[in-house]
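Heads up, there are several structures right after this.
Consider the two complexes below, in which chain A is the common component and chain B and chain C are the respective partners.
Coming up: the complex of A and B.
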């Protein structure tokens, strides 16, 4: 008996300390799929919209058999309060079961809320509260979240699913960079940088990405990077950025050639010359010809000018978007501070990156090599 | 009269142990035959003992020595003079031939054995393995081993255990391979057994095992090829008369996952199935417990899509996860147990009733979730992949222990239960050999040899056995 005493003591202590007895099985909890945060309509306080999974058989669906494993629909609750706590308390009054936030996939902020008061306090809340997933996505919507969550979409079972699925698949394709709530928090903690989060809306009854919301360091929405500039921003942020564009063939003004350009390597080098900060960006790209618009005969000498025009176009776009960040946004939203901090740690401590950023001199070098040229009909001389 | 044989004979006759006395006259010399008709071969007595004595033609005096050497037809004849041993000999199925005038009597072996033929194994089935399983007769079993190992160093030490049953027990080993330390330990333990009866090798197994440890420490095998293989590894086999299972000691935990026919098949396949069986063991032990943990405490460890599917599949289930798991596992154990006891003709049909009717109906009635049915069937299927029945049995029990741990403390309890089992495992010894060898104490070479199970690459005997002859070549 003496031998087992220790074992029993451990058992009893853990029993008292863990307090797991009030846990409920997952089907006895209210599964939150996504959360929307907005300013309250009366202008005071916040409004939560929570999208919750409706478990069990659905009405009017043929797949709604007992014990079937797919969820069929979701329902939304909206609650108001002067602060998060009050709004949450009001929200809890609506939901039928204990809340389970471990399956929450996305937090969506309305454009107005992101502008004022800013999203950092909610990020803080999620980071410090127990139970959310660390891969929780954040996004800003162009309409009030109440409207967003009550909208009917046709291509997914819930808004939360749709937001996550859309953002993830675009990110896998190299068309988008999204931030999880923890990554955004680490940007906020860096103090000198802003960050980009996906800007979404509802178009044609489905969730659609409209661009990037540019967030300042105090997490307020400054501006929007539009859809047509997104791929350029991706070249500076994404690991697998891809651009699909058609370029005019310099030798044949009639010919358009579809080119898929993907990032091979991005090298960002920072230096200090005569007390001013220089940043050199080297973009090494792989350009694949996807198809020519017309069947025309090409000379193999046509390739080099085409490469050059791709390089020039991308260089121009990148410089433009950086200039925009320096002059319009006035915030480093492309993470250059991280490169500078690593490469010049001493200088970084002394300067205020926020103030220096608009004066930084950027040089962009783009190098690309066209592959798949055999798709063009090239005649030999 | 020169001896007390007749007096003793008359005493025995009164004792009602079924002794039959046959008096013969050969040239006016009285010869008595004593035997118990139930256990002797009476035809053999008539043909080989009585007939030659009555037909004894010579005129010279008939002595016991002459009787043994020139008259009776029997292969096993002993001389003895102690009349107190009469009873023992008779109960062993021997016939005693005595004469009132001589100091020695003859003991002739005419035991009649009821035995069945050598059949294919029932428990340790394999695909590419010999089909000659042990029977209940110790002679047959020993002959099967002898037939496989024609080595003069193969030793068979017989002893008799059991005050009343006097069961024959044979300790078999190869003298120049076996480690004498544990051979002596086993023999000591066998000699110390004080019991009135041994009816099955399981009795001996219990005496050789540490009662406090839950895992089986002695291997059992009904296949002679697998026993021969273990003997060649330097182990000791214990064959018990009346049992069709041989005991093998020492036995480590990993060896319980070795089906024997791994050694005969393709090496790649044997690596694959070894790992497969290890996974099967883990599945049997933990699948239901993990389900309970995830459903009740930590759904967060799943991707969010799975959380929804999981929640939705359980939505109509009224009981909580722990109860659900315990209930379903209980039902499966019930089915398994009833299937073992059922006559062979109706066994399969009950299996169908069990799986389809109970599984399907319980799901549609909303008593259990479909996932639970999958988990329970998977974990019991996995348990059938384990080759050793004694390990399977203990895993069945430990499964419930794991469910309870997980049900009370969640993932924390799950890990706690697991740790407890690992502690028990590493503190177990089989006849002085660490149970978890070669994992702890660690030996990469032995692990490799175990996994490959390839007789060509595997040149040495397992190092943890510390055999006298360490190499196989």
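Coming up: the complex of A and C.
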């Protein structure tokens, strides 16, 4: 009897351990690497485009183990429909194997789709449906997504990989703030605020970041923050914002000095004075001289004016970009609403932040100290 | 012969039972009832349940080597004792079957989309029945090993979550205008603290379990702290908006998190699934054992293994009874009211009775 019991237990366990109910080997799966969402049928429908992985045996190079399956390249797909469901059904008809969306790296919306109808429906789809990852990166492309995914790029194995790698490395260096679907959803649910997502395109056969797409509170693209303003926007958003700029040395007008400025601390204080909302932004920055453009002898008296000119320039840039958000975008895309809600919870419940935002008075204080001059010798006198 | 557990085994078993299903929706329940100041509500509840831990261990410790049915019979007579024990049996059966059903639903929603509920439940019950058939020692050891893994795993996940935290999301820490709300919501947050009543079917021994009261109270304190840091970590990532709009919120938050630098451990939701399943499995074993033992006390002539088989089948059927997730949720809510009776009201009555009887003797 004991022998039979053991036999039955082993039999049942081996049946259970065969894996998930819908287990399918990796080479019997259609692995989606990236998805593009665009308008179809003159804006009355939706078009999915993107890339699927082409699996092949690894030949041992690129770190792959010989004999194992690896992503050798990708092939693109396009499907249309009057809504997501129809487009998806058409996509399913065109793929030879079961779809696996868990490995998707990025979702790219075309500029036209982001303008109208807006990206919130797709975000809801990913948040609520099984099989997608809400940690997906999102971006807006300056060209139709079908064109984007069919372009040849030289520096990565697929557009999806290139988008993810580019956004991540820029973010690590403090040059960009990206959003995942989960984070964008949080902004959408806050209702009265907008948000920024990376705006990308293809330049010189590579994925290139062109700026930030400014999204309204109903998730429609309303404007673009261009590349030259990105680092200023980062000072308001990023944890590790960095600027590398050349400044005229006030003591030597012919001299340009390359300075790396990084964010040390950002303090945002909100208050209500005489029924109007004030927001004070204190930016504490750390500056480092990287190198001078020309050889000149510098002494310690040159430092203070240089710090002052850095402070003035950054203050002006920050005020300009906030003014732009108030006058042109007419939406808070820098997360000030969250600060105000935390500091004045009762007032926040009573007002409409979107309506109040253009009238808010902003004060920006920038403080920086040159902590490092690199190899440049600064003489005492 | 009665089997005893060590203090460590009891505290870890208690951890498994209380934390089990309670945390799946904990941050959502807290945010909905008391907003970002939910930690205050959690502190109040933790303090109250530390007192309850004292009450329950006092009853059990002063009825040495006995379990619920035996000493309630001495306190209140056979009939009342049978009624009380039946109430506990009913509660343990219902809560175990419903939380297993609910957890299977969460698994289906997030991971095992095509697996039918009956199959997931079958695996759970089959393994739990096997574990329970090995009696209290096996459960004690199981809880000891599993809970240590679970604690380490949860702490690791929480630490990683805090690296992605945004301080702005967990503020304001305290709003003076919301104090009455913080107090009122203590009633809504009792469910995560239920489970302490399992001590009623673990016989204590004055030599083996000398400091049990202190240990159990300390465990409740640790669980309270764990609840607060889980709540704050989830809130710091998702913010109040995301939490109130989603189900199975810890899974959802972890699904939205991609810690790029962790390489193989990037998918924290998968890691959390392992630990929460271990945790829930232990708690279902404990409940199953409790039900079987209490029935066995009332009906000593029937073989324990037969009772275990019948209880498992009945629980499996109860798990399959609700027709939808909503029905399961409302059934859990109703059962947690029964839990309040079994976890708070009856222990306090017994505690008072014992104190009165002790004074009479003096």
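We take it that the second predicted complex is superposed on the first by the 339 of 381 C-alpha atoms of A that agree within 3 Å, B and C clash if a C-alpha of one lies under 4 Å from a C-alpha of the other, contacts with A are read in each partner's own complex, and residues count from 1 in each chain.
Note that in this section contacts are C-beta pairs under 8 Å (C-beta built on N, C-alpha and C of every residue); 3 or more make two chains touch, one makes a residue touch a chain.
Everything quoted here is computed from the prediction, not taken from an experiment.
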| item | value |
| --- | --- |
| Touching partner for A:12 - first (chain B), second (chain C), both, neither | second |
| Chain B versus chain C as contact partner of A:105, first or second or both or neither | first |
| Partner chain in contact with A:27 - chain B first, chain C second, else both or neither | first |
| Touching partner for A:133 - first (chain B), second (chain C), both, neither | both |
| Chain B versus chain C as contact partner of A:339, first or second or both or neither | second |
| Contacts of A:190 with chain B and chain C, given as first, second, both or neither | second |
| First (chain B), second (chain C), both or neither touched by A:210 | neither |
| Contacts of A:182 with chain B and chain C, given as first, second, both or neither | second |
| Chain C-contacting residues of chain A that also contact chain B | 20, 131, 133 |
| Of all residues in chain B, those that touch chain A in their complex | 294-297, 299-300, 304, 307-317, 320-321, 363-364, 366, 369-371, 408-410, 412-413, 416, 420 |
| Contact set on chain C toward chain A in their complex | 109-110, 112-116, 119, 123, 126, 168-169, 171-172, 175, 177, 238-239, 241-242, 245-246, 252-253, 255-258, 260 |
| Chain A residues touching chain B - in the complex, by the definition given at the top | 7, 10, 14-15, 18, 20, 23-27, 29, 31, 33, 53, 55-56, 66-71, 100, 102-105, 131, 133 |
| Chain A to chain C touching residues, read off their complex | 12, 16, 20-22, 127, 130-131, 133-135, 168, 180-183, 185-186, 189-190, 335, 338-339, 342-343, 345-346 |
